[in-house]
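Look at the two complexes coming up: chain A is in both, with chain B in one and chain C in the other.
Right after this comes the complex of A and B.
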């Protein structure tokens, strides 16, 4: 009798043990349960930005009703946004002034008295009424136009596919190719691992091009020769990290650079010599998995971001002194 | 008219014979059904969708095999061949070199080969790869996402219920036809018409 009781107790204990193990496995290992990843690729430490470094604050958000924003430019009080297969013109209050339907999805935009659009491998020019003024010959299947910059005399076309910048007259005539690897002229050549290859013009009209594979910004003279460059390679806030950063760039007053990065998404300011100044938008101001926003600036020094994930135009103004 | 059927008495021998026939028939149908079920089950294998993968690390730890049958594969046509490879180098690497302290992979399963300045080729050494996805996350965050995970069918034992699929937080595991067992990123598969990424 005693033996049977003992066996029963052992069986009950065993059954309880098994039940606990099954329940624990069910709770701990069920799909969707967040558990610690022993192999985590953790860059959260580098995504932290000290409050002192943040020089801008968000002033306004304009929500776009589009599926896929592609690029942004600002000219004389008007925002030009390319999205889906459309060109949107809107004011800084978010009011849509004009929408122009395009035959394909544009990949780059620059604006002077006309709107210059990169259409994957071709440049198309429209007037502000949306009528086509120019359509250049395409640059071939390999070409991927990622950025345009326009001066009074020339249009500069950044081609990520061919890793070149084309300097063209406004009728499309090619003046020269810039950035081809040339050891005799000490041109290192552009390293463009992915379709992030941005260009901008300085106040004096000199071309600055991102060399994303080298974390560099390179400056070219009127003859297309390398004039100067600066590099900032670091995973820390003051540098660029990953394979292709900065993903976007623009030049503001006093030839300061506004850069936008992917990976650890952040927007920063560098002075004309490439010295780190501070942060416009920190990683925690974007979605957890986000794309590098396109950037442009207005005449008042405000930084305008095109947030591809939230589908928003986000306007940042400089913080007032003493306003932390 | 009398519609009532005349009931013939069934003798015991006939009854047993009928019973045997019925049992045999049922058994044969059952066996055939089971066999066909097994055949159709074998027509599908487990694979993970690299576009759903969230690099949680469970592929390394939950496979019934050690090391896991999930390995990193490289879509060379997507790769930027970067010197600054986010999948190869630690974010805070002190040099762009092959030194062990700079490598992101916990088992040094990625080989870096110089092509020409500044391009490098990255090759996965599968015997060393444990499928932890650390490089996949680095490549996807900072690069083109050419490194991605796949269940290797020369290793996978095709469990009825994949123990990784059971815990995958992204629901990235699915049954795919054995005729197209891989979900390779890029045009690698289409161009080569070769389902095996090796």
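Right after this comes the complex of A and C.
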């Protein structure tokens, strides 16, 4: 009898369990009930950055009074910002030194003794007073100029539309096309799914170009042949992820790279060999949905970001040792 | 009952295809690259000849099980047939296609003109019923994988009190009615959703469903085949058919010696003992007539209750639930996390259209509630009539409605010739 009683108790408990499971599931998981999206692509874990990895701290913010910032460059203490249909020259205190109205909205900027502007498919050169010095032939309808780099002898033009870098003399004469896909020479070409295709020059004057579809940075010799490259493809902080990253890049002292990414928006430092060093600005320092900021550096190693969403110039300085 | 069953067969149908939402991962590429996005591919359907192979296997298994039960009177043969069915229909076919779930396909085919009923589903639904009409529930004995997996764990079956069996025995009728109602209103495939063993067959289910299956098997150690007896909606239909079977298995091949071994061996309490009418016959007839007289009342009460429940019942329809939510909380339309609201907004439908659709579905639930409640009232009324009626029985006999034709009683019967 004791056994039968025990069985009865067990059966009642089990029956209750069955009833509870069915009722709970029927009510909780009813059709149309708001449930967690099982297909959600949640990268929030990858957006977290350890405090130890953050090497820079924000020093200063300069608010811009523009509708649509487009790009930034730094040259000899002056910030050059292209925004709307204007070229702004500012000092690091945020004081506007000069504003030059342009006939169209520029897409890229580089500065040496002159200001070189990419105007969608054409390069225009201005002096610091805003007077036009050069205007080259355009590169056709397919062309989308996303970046410029200037050496003492050449201007390099990154054309995302044609997936090419043009090496030109300063009068616009084309010297060579770099990175053209050539299956005979096993040159794979640039993979540029969207208009994010940045270039910069090393301290020695060699061209570095982002190959965003491959998450690579590629280095070319003086003849335009591939010299070296490095790739860091990972959704983790130390790598690049998504369809086209890094979206922006610049080179600072000791040929270290400053990269800026979209998707998971963050700015990072890599050494001259492509080894991950740390973070300048973590994802939580940007808007929840943000664009990759354009980057440049000053002579003191500070990283200057153009935050497209907040319409700010944000200056980051290296953390002092011992600071957390 | 047959008429009722026909009425309920003709009530039907289902489904809400739940759209799958994909979320944009990263900013999309913005250039034309010449890359051609591959067309979305879907898993190829099972080859047609394999579908017919399933039907052939079903027919063969039914034939073999029936032969073992009716002709060979072999419990061992039935058991091995059920093991084969468990392996084929359970683990190989992963519990689908299944005669139990085919109820919903039939219902859907009746109520949704856009749904094309597969011939195989129709055959899986009909064949066991036809066999049951002639030979009893040999499908339950040797072909149903859900029955087979429970049969294998019935180690210490105990006999439940009759009253409890009667009460629990109402659940399959309710389950059948609800399954048809939700299928007919295209709300849910309840039978598939709460198939407790499909997770085992597929080696894949969420924890909750595995737990449900595990609990059923644990109960099955002491209460043989709990799902078959107290849940299975197809068992209701098979029971109806089996009631009229002329060649149902017999416990003894010749004369019963009333040794009672068969009754003790049946783990389902499906053997009726010899009885003689007790009390005054006139009084008994009067009682029976009274119960018969009250059947319409039971139907009315049930129908009224069912119709009164149509609002909460309809809440489990996706369209109704969404409409109610958006009427009460219009701000949900802008909630990016409310996927149904987002899908509705992107469909371009107006709120008025949604509300009209919801009203139409709720109306279906109202009339469906009447029918479901009336059906349950009828079941209660007929159960009481059956309890009140007496039929003289001289020998131990299988209860044709509830007997699962497992053959245990034949095995235990000492009369072999």
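Criterion: the second predicted complex is superposed on the first by the 282 of 324 C-alpha atoms of A that agree within 3 Å, B and C clash if a C-alpha of one lies under 4 Å from a C-alpha of the other, contacts with A are read in each partner's own complex, and residues count from 1 in each chain.
Operating definition for what follows: a residue touches a chain if its C-beta (ideal position, glycine included) is under 8 Å from a C-beta of that chain, and two chains touch if they have at least 3 such contacts.
Computed from a predicted model, the values in this text were never measured in an experiment.
Chemist: Touching A:233 in the superposition: chain B (first), chain C (second), both, neither?
Modeler: A:233 sits against chain B, while chain C stays out of touch.
Chemist: With both complexes superposed on chain A, which partner does A:39 reach: first (chain B), second (chain C), both or neither?
Modeler: A:39: touches chain B and chain C.
Chemist: Would you check which partner chain A:215 touches, where first means chain B only, second means chain C only, and both and neither mean what they say?
Modeler: It touches chain B, and chain C stays clear.
Chemist: For A:161 in the superposed arrangement: first (chain B), second (chain C), both or neither?
Modeler: In the superposed model, A:161 contacts chain C only, not chain B.
Chemist: In the superposed arrangement, does A:17 touch chain B (first), chain C (second), both or neither?
Modeler: second
Chemist: May I ask you to decide whether A:244 touches chain B, chain C, both, or neither, giving the answer as first, second, both or neither?
Modeler: In the superposition, A:244 touches chain B and chain C alike.
Chemist: Does chain B (first) or chain C (second) touch A:262, or do both, or does neither?
Modeler: both
Chemist: Using the superposition on chain A described above, determine whether A:4 touches chain B (first), chain C (second), both, or neither.
Modeler: The second partner, chain C, only.
Chemist: From the superposed pair, tell me which chain A residues show up as contacts to chain B and also as contacts to chain C.
Modeler: 30-34, 37, 39-41, 192-194, 241-244, 262-263
Chemist: Taking the complex as given, what residues does chain C use to touch chain A?
Modeler: Against chain A, chain C makes touches at 16, 18, 20-31, 33, 156, 158, 187-188, 193-194, 208, 211-212, 215-216, 218-219, 222-223, 315-319, 321-322, 325, 337-340.
Chemist: What residues on chain A touch chain B, complex-wise?
Modeler: It comes out as residues 29-35, 37-41, 43, 46, 191-194, 213-215, 233, 235, 241-245, 262-264.
Chemist: Quick one: which bits of chain B touch chain A in the complex? Just the residue numbers, please.
Modeler: For this pair, the touching residues of chain B are 55-58, 60-62, 79-86, 91-92, 104, 106, 118-119, 132-134, 137-138, 141-144, 166-169, 171.
Chemist: Would you pull the chain A residues touching chain C in the complex into a rising list?
Modeler: Contacts found on chain A: 4, 7, 10-11, 14-15, 17-18, 21-22, 24-26, 30-34, 37, 39-41, 160-161, 192-195, 241-244, 262-263.
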